[in-house]
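Each remark here refers to the structure printed beneath this line.
Letters are used for the chains, namely A, B, C and D, taken in the order the chains are written, and counting of residues starts over at 1 for each.
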Amino acid sequence: MINFGYTIWILLLPFLMFLLLGLAGHKLKPKLSGLLGTAGLGIITVLSYITAYKYFFTSEKVDGAYQKIIALNGVWLQLTENLHIDIGILLDPISVMMLIVVTTVSFMVHIYSIGYMHGEKGFERFFAFLSLFSFSMLGLVVATNIFQMYIFWELVGVSSYLLIGFYYTKPSAVRASKKAFIVTRFADMGFLIGILILSFNTKTFDFISLTSLTGPAITQTGGAAFMGLSVLTWSMIFVYMGGVGKSAMFPFHIWLPDAMEGPTPVSALIHAATMVVAGVYLVARMFPIYSLAAPDALNVVAYVGAFSSLLAAVIACTQTDIKRVLAFSTMSQIGYMMLALGVSGYGGHDGLGYMASMFHLFTHAMFKALLFLGAGAIIHAVHSNHMTEMGGLRKYLPITHATFLIACLTIAGIPPLSGFFSKDEILTAALHHNKLLFAVEYAVAGLTAFYMFRLYFSIFWGKETHYHHTPHEAPALMTIPLIILAIGSVFAGFIPFSKLVTSDGMPFESHIEMSVAVPSVLIGLIGIGIAFIMYRKETAIPDRLAAAFKYSYKWSYNKFYVDEAYIFITKNIIFRYISTPIAWFDRHIIDGTMNSIAFVAQLVSFRIRGFQSGQLQKYGFVFVTGAISLAILLIYLWK
Amino acid sequence: MITGVPVQYFLILATLMFFAGVYGFLTRRNLITMLMATELILNSVNINFMAFNRYLYPQKMEGMFFSLFVIAVAASEAAVAIAIIINIYRRFATINVEDVNQMKF
Amino acid sequence: MDILTLFVVIPVLTMTAILFVRDIKHVRVAAAIGMGIQLILAAVLVFSYLAARKAGASDEMLFVRDYLWFKNPNIHYAIGVDGISVAMISLTSIVVFAGIFASWEVEFLTKEFFVSLILLATGVFGFFISIDLFTMFLFYELAVIPMYLLIGIWGSGPKEYSAMKLTLMLMGGSALILAGLLGIYFNSAPDGGQFTFNILEISKITIPISAQRLFFPLTFVGFGVLGALFPFHTWSPDGHASAPTAVSMLHAGVLMKLGGYGAFRVAIFLMPEAAAELSWIFIILTATSVVYGAFGAIVQKDLKYINAYSSVSHCGLVLFAILMMNQTALNGAVIQMISHGLMTALFFALIGMIYGRTHTRMISEMGGLMKVIPFLSVCYVIAGLASLGLPGLSGFVAEMTIFVGAFQHTDVFHRVVTIVAVSSIVITAVYILRVVAILLLGPTTDEHHEHLTDAKWFEKVSVVTLIGSVAGIGLAPYWLSTMIGTSMQPVVEKILSVNPF
Amino acid sequence: MSPDKFLIMRHELLLTAVVLVVLIAEVFSHPDKKGKIITLSVICFGIITALGFLPSAEGEIFGGMYVSSGSRLMMKNILNIGVMLVFLQSVDWLRKAENSDKISEYFILLISTLIGMNFMISSGHFLMFYIGLELATIPIAALAAFDKYRNNSAEAGIKLILISALSSGILLYGLSMIYGTLGTFYFKEIAVSFSNSNLQILGFIYFFTGMAFKISIVPFHLWTADVYEGAPINITAYLSVISKGAAVFIFIIVLFTVFPVIIATWQKAIYLTSILTMTIGNLFAIRQQNLKRFLAFSSISQAGYILLGFIGGNQLGMASVIYYILVYIFSNLGAFGVVLAISNASGKENIDDYNGLYHTNPKLSLIMMLALFSLAGIPPVAGYFGKFFLFTAAAEKGFYPLVIIAVLNTIISLYYYLLIVKAMFLLKNESPIEKFKSSMYTRFALGLCVAGIVVTGFASALFEFIRNLSFGI
């Protein structure tokens, strides 16, 4: 048994860094605080690579399967005798893999940000938030129990809120951050309810005992049924709701495009590589339950994933804001991962989808971060993020151009780039499980290739727009991360994932199925081709097409009006038809009742003042009547 | 023993006097008359006392004494009342009880 | 002089000291010193309590003192604390301390202000230490009545109206409590023997169920009025809106907790059978007020109204948890009392400071304050996050304990209602973020607000004290929750003995 | 019967002595030295108040017509204290020019009413009771009409004297029935031979109305407000505290010792009337502007609360009633003392004249607030304990509905007491009552009241003492 105790620093370091930069940041020099943050993250990155090495290659396996190792664990809050929230570190293939992803991308982004955010107001605040995010994300990844995951889940939520709203004087940014937080919060409510139901039935939060094949969750799958689904299924669906929110799946995807209001490095880190895949990670973490005990829930996962990826891909084809295009492509790719999980089985070769999903998560983190950082470099250069205001940038930004191209090819699934392998695995899994879903994903592959290259061509080729000042290549601090990530996304495909990250820890053989690979590559090429024709040089084709499919274009351009639906619900239903009436009711009915009591007292007191008429004889009359009536009452009526 | 006059007669008389007094108190507008009405009430009580004493408990004289005291007290009460009524007359230039209602409600 | 009585004596001494000093500056210094001592004393109490427990003191209450006061009716001056009251006492001393600093700049009738403020505090401390129903009730009313002057004299807006309404509604509640207490007293010896007001002794016997059916609602509603139980909460918005800063702090932060604490200590603890029988009514009411208060807060325009309604929601959660009547939920209730006390005091302090600068509480008339007064704004954001239950701050701990606890019920009704209550976390997020977005973020709307000055030192003291405690509880809740949990044992045993869930 | 037996009636004898002293002083003092009489009589009265506390023999004289027991002595002492306070407070008023020639009348009449009350309290026979009652009533009518030159005063006098004549007439009528059925006036004998016949109950009810008139219980209260408003303030204070207190004392004694047989009947009567009294008193008090009238109605509702002590017929009840009267003396006289002082200084008697009083006369406002809180039953002042014991006494016999109605009524009364607090502390006034300094007597009296209000509550020994002396059925 290897001692992983040092991994505590993976959590502590960024937290301390956050406290340092948050409390004393404004006293430090911006440069220094940036360096501090980056250095801290560098250390963590090193630590996690060491951890990965030790875990995968030196930790002993039990009959060939990687074990779940509790590096350390402590009770944080005792709830009931057997329910307690722990804070700890759980190491297993996926968490270690996520450690790599998070630290790597985060480190890159840190370096990149030093250049990108140079001279921004609140530089140190930015790095403080980044450290907070890294802390939360790592905590989420290594969570030993579902409640710890929920805790850090909320924390990543808030740090994303803070980072999206980083330019807090910009109303759009404020709105976006608010939207992101509330939408995900709503989803998290589902997550919480799921946790409550689950823990009520299993009496534990702990992942290991939850997911162990002999654990209460899987063995006692029965329980009271509601609408034909077992309690467990319901709880898993609720839990998945949280994942849907974080991973911007339909119908909770609306926050993701707006989240692009944040600084581009943030988009790269949070809204492309790490936080948004938390949902996928959640499902993967609970995978045995989904797969063995709640297959219906797993189907929900699959279909939601597929639909979201298709929707996103269609929308992405018509967006003009490059970051939004990338955002939708992120959503689409995550849809892939969800689908892969959804179509996967548990154990051995059935777990192909699971492996593929994790694989894709890994590669996607690389190339999507690369894309975003590239986009950042471009925006940095032209001070706009509308592709209509770009064109012919390839000669100004050679490095960015190269890396961006690599990334596009990767995401389009062109071999031998990493994207090809992961996507191929997913398609294979889908094909074996469900033809319909396969078809959808197949189409999405084509669309992906198309919109990515639409983006690529209209930025780097297309019409030469005259810029106010000639764009220039980004500084080295920004280009180096690009290059590193490019290398990563080129070679990541050759990592033998099926040996390392599998549903049950047992390595298995995976191979390229030509029957899937060839068509997928083909459709990718077709997509690229169409994009080439339409956007290589500026032509009238796009407009004519747009005119031809006016309505579908309009719908897609307006993201199928989901936002509008939401605004309707919030503004009209909640504000106008619930809150306002309640406020009114409270002020006028309830409070009115209270006041009316006083009023009634006054009124009565005014009405009965006639008794006190000042007429002596009336007094005498009342006196005598009182005496007599009292006598009658007590003698005859009420004896 | 007063022959042929049963006690009921006295009681009935007393009761009539009592309610006559009460009626007078409630209806007569003149303060003096009202005072007299109260005297009527007190006297009805005296009759009661005497009658009871004489007929039912002749061996003890409590009723008699009580009525004596009542008479005395009534006199003093009248004295004070009359004095105040005179003052009323000074102030209000009337002794009509209905005009003496400055304080009300 | 035992340590608990000191909690009443020191404020009294402070008041006398204030009465004798001449200068305004010395007045507030005296107040600050007195309450500082109180704070230290609270810390001492906490540590000596934990030490005593560690030493194996297993009684339900520690530091118990019992002096006969009136022989018949059998009234004692009986005091004693368990973990719960220790926690509440430390909460109180923190909030009062912060409140003194928050009201550092009271110019009008300063002496009287601090005296009444500390009088209120005296009542609260006395309430928390006493285990004799009579003394408890005495301190309760003692704590309520200064509110009238505090709001009426130093308040703002329709202060006379609000003060009168608040006082009368709270006193109405206490009237019901009085009836309930008498009922409990005369049923405290069902099988002969001496009647008693002593909570511990009453808890040993079972009050006849017929009596409970009458007196449980009386006491619970009576305390519920102070705990902002729907529909008796309407004093809260007006009262808070009109009250001066420190008073809102103390009132929402501490005084409203008297309601929850009393409902728990008297209504539930002494009359569990009736509680179990009738709880469903009140559970529905409280669940309503949780959601209702949150929704009501969404559309408010006045900062203090928003907070008042959020207090309705949060205190509703307290009563809700109390009615769930199991270990975890009750723990949660106490933690929620403490956490809400701290963060709402923080809120009101900040609102007062912002109001002192911008001279408006209408969020529509402010905007972009983050640029101008970063310290206060950041603290406001932190308070907001605490209030919407962000992990790492106290709100999360409390709410999660309550939800998990409440969800452990075997019957579906409780669980469904719990889910309803859970939905409040979203609504809370909505109104908190709405305020933060309008008030602090975005461009500065009013050019007069361009040149505001940030917090002064005493304001920082007040705010930092509170944030420190909020974060402390949020980061390391274990000791607090165990301290409460161990003291909760006897209560839970009594409850379970009569109605095992 | 040896003369030293008469020492049992020490209070009455001493008071009579004081009356004589004052009379002689009046006769022999130089016309422009009348002011001295005030000091003289106050001092004399102070002395006898002190003497009253000396241990005294218990027993009966005049063949049981006059009974003296510990509880009755205590009641007399309590009344003495109250009268002492009234005297101290009325010094400033008496020193005014228009009263210079009526000083000794004032003292003589007042003390003679007190003598009447003392006899009434220690009566063991209805004749003694009746004499005491009338002696306690008639001079007050004269006192109410004391201000010859004020219409209201005369009106108050006439209203009081006539209504009291009516009520005593009715009371006597009731007594005559009881006499007719039982043939005795001795409390003891009545108690043993009292049966439940209608005639006796009728007689009892007429007696009840007579007492109700003195205590001003609804519906026999209507004279109260007018008389209180019209009479000079210190007379009002006297009426509202001393004469009401005395009536309460003798009433509870009679109920407990003479009519225990028909407890069921009078419990019903008291049940009804107490609810009526509290509620009506409060409802009328809400609207009042004149402070004397206001306090009149407040005292009516207080009477309603006091009845809660009667209803149980238990020892705790009697104890709490006596205790409450003591507390009530301090609280009400505190309030009246402030009103009197202010009216002497500025002639203002309306609530809205009091606006912003705190800023000019903080001490007076604080005393007023304390007194009002005590009347409203706010801790930690004595009134709270008093009310608590009253309610406890009622609850002990299980009259919970009555208790709940009572506590809810206290909210209304709290409301109008707070109205005055509001006027004094919250409201602003462009022409407030200017700052003034009242005489040493007044300040001493108010000091005593405050001391009483504050101390009486916490001093549990006092309540224990009272409780040991009091008795139940």
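The definition used in the following text is that a residue touches a chain if its C-beta (ideal position, glycine included) is under 8 Å from a C-beta of that chain, and two chains touch if they have at least 3 such contacts.
Everything quoted here is computed from the prediction, not taken from an experiment.
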- Item | Comparison of B-D and A-D by number of C-beta pairs in contact, larger one | B-D
- Measuring from the mean C-alpha position of chain B to the mean C-alpha position of chain D, what distance in angstrom results? 27
- Note on the structure: Here the gap between chain A and chain D, centre to centre from mean Cα coordinates and rounded to Å, is 78
- Message: Quick check: how many Å separate the C-alpha centres of chain B and chain C?
- Response: 66
- Query: Centre to centre, by mean C-alpha position, how many angstrom separate chain A and chain C?
  - Reply: 37
- Contacts with 2+ other chains: residues of chain C: 168
- Tell me, which residues of chain A touch at least two other chains? 598, 609, 612, 614, 616, 620, 624
- Message: By the touch rule stated above, which residues of chain B touch at least two different other chains?
- Response: 22, 25, 34, 100-105
- Note on the structure: Chains touch one another in the pairs A-B, A-C, A-D, B-D, C-D
- Complex interface listing, chain A residues touching chain B: 609, 612-617, 620-621, 624
- Of all residues in chain B, which touch chain D in the complex? 14, 18, 21-22, 25, 31, 34-35, 38, 41-42, 44-45, 48-49, 52-53, 56-57, 60, 62-63, 65-66, 69-70, 73, 76-77, 80-81, 83-85, 87-88, 90-92, 100-105
- Message: Can you tell me which positions in chain D touch chain C when the two form their complex?
- Response: 316, 373, 378-380, 384, 388-389, 391-392, 395-396, 398, 400, 403-404, 407-408, 410-411, 414-415, 418, 421-422, 425-427, 460, 463-464, 467
- Query: Where on chain A does chain C make contact in their complex?
  - Reply: 75-80, 83, 85, 147, 150-152, 154-155, 158, 165, 168-171, 174-175, 178, 181-182, 185-186, 188-189, 192-193, 196-197, 199-200, 574-575, 578-580, 582-583, 586, 590-591, 593-595, 598
- Note on the structure: chain D residues touching chain B in their complex are 126-127, 130-131, 134, 138-139, 141-142, 145, 148, 150-152, 154-159, 161-162, 165-166, 168-170, 172-173, 175-177, 179-180, 183-185, 225-226, 229-230, 287, 293
